[in-house]
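In what follows, chain A forms one complex with chain B and a second complex with chain C.
Showing the complex of A and B:
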């Protein structure tokens, strides 16, 4: 029983990265009503770019790697916006869905090419720290993942609700035409949204790398699926929903890994999603006026 | 020559996969579950011919039926959510099916070997064609008979009242509902037909490759399924065929000399194609131009 609770706790801490990926999906959906299928791949791509700094400066501190991943995540986010959204008319949702899927494949292949398909080790900090809380122990690296993710979420919420940029973003997400009439440059807000989600993605990718200990192109598709599941369970377009759902999915997944083994655990995550679709299709925090 | 027959087999099966997504896309729904139905058809038909010793044709029928039943069952809960939620729900379903087959063991002893699906190792020995002495050309004709039947049926649908209803739902759900169209019935029926086509295609796929495993039905295959009709355009069933030929013959085989770089180009070309032709290669305008070129404009 104790092992089980420990697994749930670890899973919840790791779930913070799912929450970050989920926020990225949900933010783009909220602003553009589009899904950016390339998001998780771009995040992993950003984390890989973080490793580039080790090529230039051997033995750079892990913090520098994280910072570099953060910055390149933002850059990749902007490139994805340019390649997959900027020139495609908003009226054809299928086209952007397809172009981002193409981007997902492209990023995946670039990573495979650059690394020859091998997994690369990722630097971690605090991985030798173990905090004890009664019967439970908390892994230092997972705590860091959790802490950084919470910090990112707090900054994001501040940005969205306390700044003019956030006001513009929320205006575009509610009424793009009205926002444009008020003098808000919608394309600029869209681009900025992509940069912000890209920055978040870069840090999420780096945190995943740090807590898993390695990066591999094999991570992209499962991460895309998990991120999308988190988005749906939390309610499309809802940031608090994505946070809660990320932690929930992380805990749920680790619990079933203990109970049923690693090959079957994802099956139960899918079942959780279907339970939500049947009983609460709008997600945990459904926006007013129904889901979808 | 066998090389070209083999390629025609691949094109045929992928066309079926694309067409299964095509009919669902006509109603404006994007389903990433087609790889799941494809897998169910493949395993069902394969197990019937290998383990139960059935002839291929009834086994394919059961494979198609299994795909249709699953699609119908998935359709009801999944279609409660619309648009992008459905993309995610069906994506999760497809992955769920893949993981199910990854954990699926059903082996029976035949002589001194055991046959049947074995989890991660997959399902070997689906040897109906070689055991019955079919040549590659015969297999190709057999596959294409099904492809042509399915294409003709979908072509006929497009010209019938049912096709008009499908497209009406795809264009504007509210308007369609206001003229008395039952949205759930239309969407679930198109999903069911799509599932049947995917199941049939899966059955054929299992038999020409002789070996299937869970990774043959991953997200990439589901993406291909919707990519064919979207890249080809939804105005005509031929668009899907054109896209399959473009991808499988030109991109996969024609660019083989590029080696590893081909995969890089593949994603980039999809991005480029969607930027240049957001409504597909063969959209309504292009189709009209082709008709005019051949002077066969029947005022349609």
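Showing the complex of A and C:
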């Protein structure tokens, strides 16, 4: 029983990486009511760009790599916005969905070509720290990822509810036409949303790279799938929901890995998704207003 | 002036008549088409094979090329196609190659491509009722055991993992006499990894007197190994045999370090004795022992590795098999006296098939390889281990 609980705890902690990705998905959905399928790939792309700093400064601190990933993530986020949303009619949900799917594959292939598909080591922090809580142990680096998720949530909620930008964002999210009539530049708000989610994606990618200890193009598709599941289960547009759902999905995944084996594990995660879609389509924390 | 005009006219006439001359010989080519994964996460395998083939062709061409039946010489032209490590793509690629003037195909990268692809080749030569492709395929990378027996047009120059791991576990017995137990870790959704653990490592370890005390499974794109390492740590076997590719091997090793688990002996998958593993986790992989059919241990092997590097490829057991294949094919083309004539492509393909089937031994970079009756290779091998950020030779059992 202790082993099972420890496995669930391990999974829950690893779920913090899903939460970070889920937050990005949910933020774009909350503001634009669009799904950005390229988000996880862009996040991993940002993390790869972070490694570029090591080319110029060998032995640079991991924090510098994370900072570079953070900045690159913002830039990639803006480029994704330009390529997949700015010039594409937003009234057609399928058009932006397909453009972001295309962008996911494009980013994936760029990474594969740039790295020849090889896994690259990623600098880690606190990776050798194991905290003991009685019979249980907790990974220090994953606790950091969890802390970063909560911090990101706090910063995003502050931005959304305590700043003029947040007010404009919520206005665009709820009534884009009325917001435009009030003088809010909708395209600018959308672009800023993408830059912010891109910055967040850069952190997410770097945290994932650090917690896995390596980056590989193999990560993009599973993270996209997990990010979407987390977004739906957490409640489309709910930032706290994404965090709770990330931890839940991670725990659920590991629980079924122990109970049913690794090959069946993902079946049960998908069943969980369908259960939510049928019995609680709004997710755990469906926001009333659609904003964050 | 009149003499010059006569000489030019004679040369033009000779060309028109197809008579051999130095001028025509320089222009003649025989095409060898390589194919393998050049996109996706195992893109590096295709890149390395292509680089090795190009480098080997350059060496052969520098030495004059291939001697044809009429005594003239032809250069080798190499083309390389991407099958994306996908069975359907692989079949489409071999059909495309069949439609060209390529006289032999070298590839593929993945066993899950090789198996169905060999299935569309003619099973038995001269079987008129079998409309399968009559195209010789000389595999360099796809390593899953026993695939060449699917078709008499399929040949492989890949090491026998069965023999190599048998020898490795035997040697471990002599080096670690106290070690009694083996635990397995396997990438459950990858054909090569599964075949290696379930059909080779497990079987060979037991055959050498070890007790298998358990196995943990994960998937190719998994990133969390906490549960698997706890399982391993709980059993605490003497030898941990990991049948997984570099990304998950590194993930597992990092988790082992976190949980403070270190078995007496670490054994890895053949395809992990590459620079990718070192790039991903040089420190964590330290000590891992892997049998391989290539290491730059002699002048020829070092030369092949250097030449391949010029084409931006890395030398490993897979890419160096592609290098060897080119020289073996040159030898076969000359011994079987292929015409090199584009209108005789099918006849030349048949000669190459027959020539490959006749071979009893071939010269490889580490020494002589024996050819088996079912068109496989019995290659020389050695054991390497990760030390100081490099793969170094640990033991040469031959």
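We adopt the following convention: the second predicted complex is superposed on the first by the 286 of 292 C-alpha atoms of A that agree within 3 Å, B and C clash if a C-alpha of one lies under 4 Å from a C-alpha of the other, contacts with A are read in each partner's own complex, and residues count from 1 in each chain.
We take it that contacts are C-beta pairs under 8 Å (C-beta built on N, C-alpha and C of every residue); 3 or more make two chains touch, one makes a residue touch a chain.
The model shown is predicted, which means the values in this text are computed figures rather than measured ones.
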Checklist line | Clash or fit (per the criteria above) of chain B with chain C on chain A | finding: fit
Notebook entry, point to check: In the superposed arrangement, does chain B or chain C reach more residues of chain A?
Noted result: B
Margin query: In the overlaid three-chain picture, which partner chain does A:109 touch, first (chain B) or second (chain C), both, or neither?
Written below: both
Margin query: For A:130 in the superposed arrangement: first (chain B), second (chain C), both or neither?
Written below: second
Next item on the list: Scan A:259 for contacts with chain B and chain C and give back first, second, both or neither.
Entry: neither
Note to self: Let me test your reading of the model: by the given contact rule, A:101 touches which partner, first (chain B), second (chain C), both or neither?
What the structure shows: first
Next item on the list: Return first, second, both or neither, reflecting whether A:221 touches chain B, chain C, both chains, or no partner chain.
Entry: both
Notebook entry, point to check: Touch check for A:151: first (chain B), second (chain C), both, or neither?
Noted result: neither
Check: Between the C-alpha centres of chain B and chain C, what angle is found at the C-alpha centre of chain A, to the nearest 10 degrees?
Finding: 60
Notebook entry, point to check: Looking at the overlay, does A:57 come into contact with chain B only (first), chain C only (second), both, or neither?
Noted result: neither
Next item on the list: Check whether A:277 is in contact with chain B, with chain C, with both or with neither, and answer first, second, both or neither.
Entry: first
Notebook entry, point to check: Minimum Cα separation, chain B versus chain C, post-superposition (Å)?
Noted result: 5
Check: Which residues would you name on chain A as touching chain B in one complex and chain C in the other?
Finding: 109, 112-113, 221, 263
Check: Can you list the residues on chain A that touch chain B in the complex?
Finding: 29, 33-35, 83-84, 87-89, 92-99, 101-110, 112-113, 221, 224-225, 228-229, 231-232, 236, 263-264, 266-267, 270-271, 273-274, 277-278, 281, 291-292
Check: Which positions of chain B touch chain A when the two form their complex?
Finding: 25, 30, 77-78, 80-85, 87-89, 91-93, 95-96, 99-100, 102-103, 120, 218-220, 223, 226-227, 230-231, 260, 263-264, 266-271, 273-275, 278-279
Next item on the list: Please name which positions on chain A make contact with chain C in the complex.
Entry: 3, 6-7, 10-11, 14, 17, 109, 112-113, 116-121, 127-128, 130, 137, 139, 208, 211-214, 216-219, 221-222, 250, 254, 257-258, 261-263
Margin query: Give the list of chain C residues in touch with chain A in this complex.
Written below: 39-44, 47, 188-189, 217-224, 226-227, 230, 234, 246-247, 250-251, 254, 257-260, 276, 279-282, 284
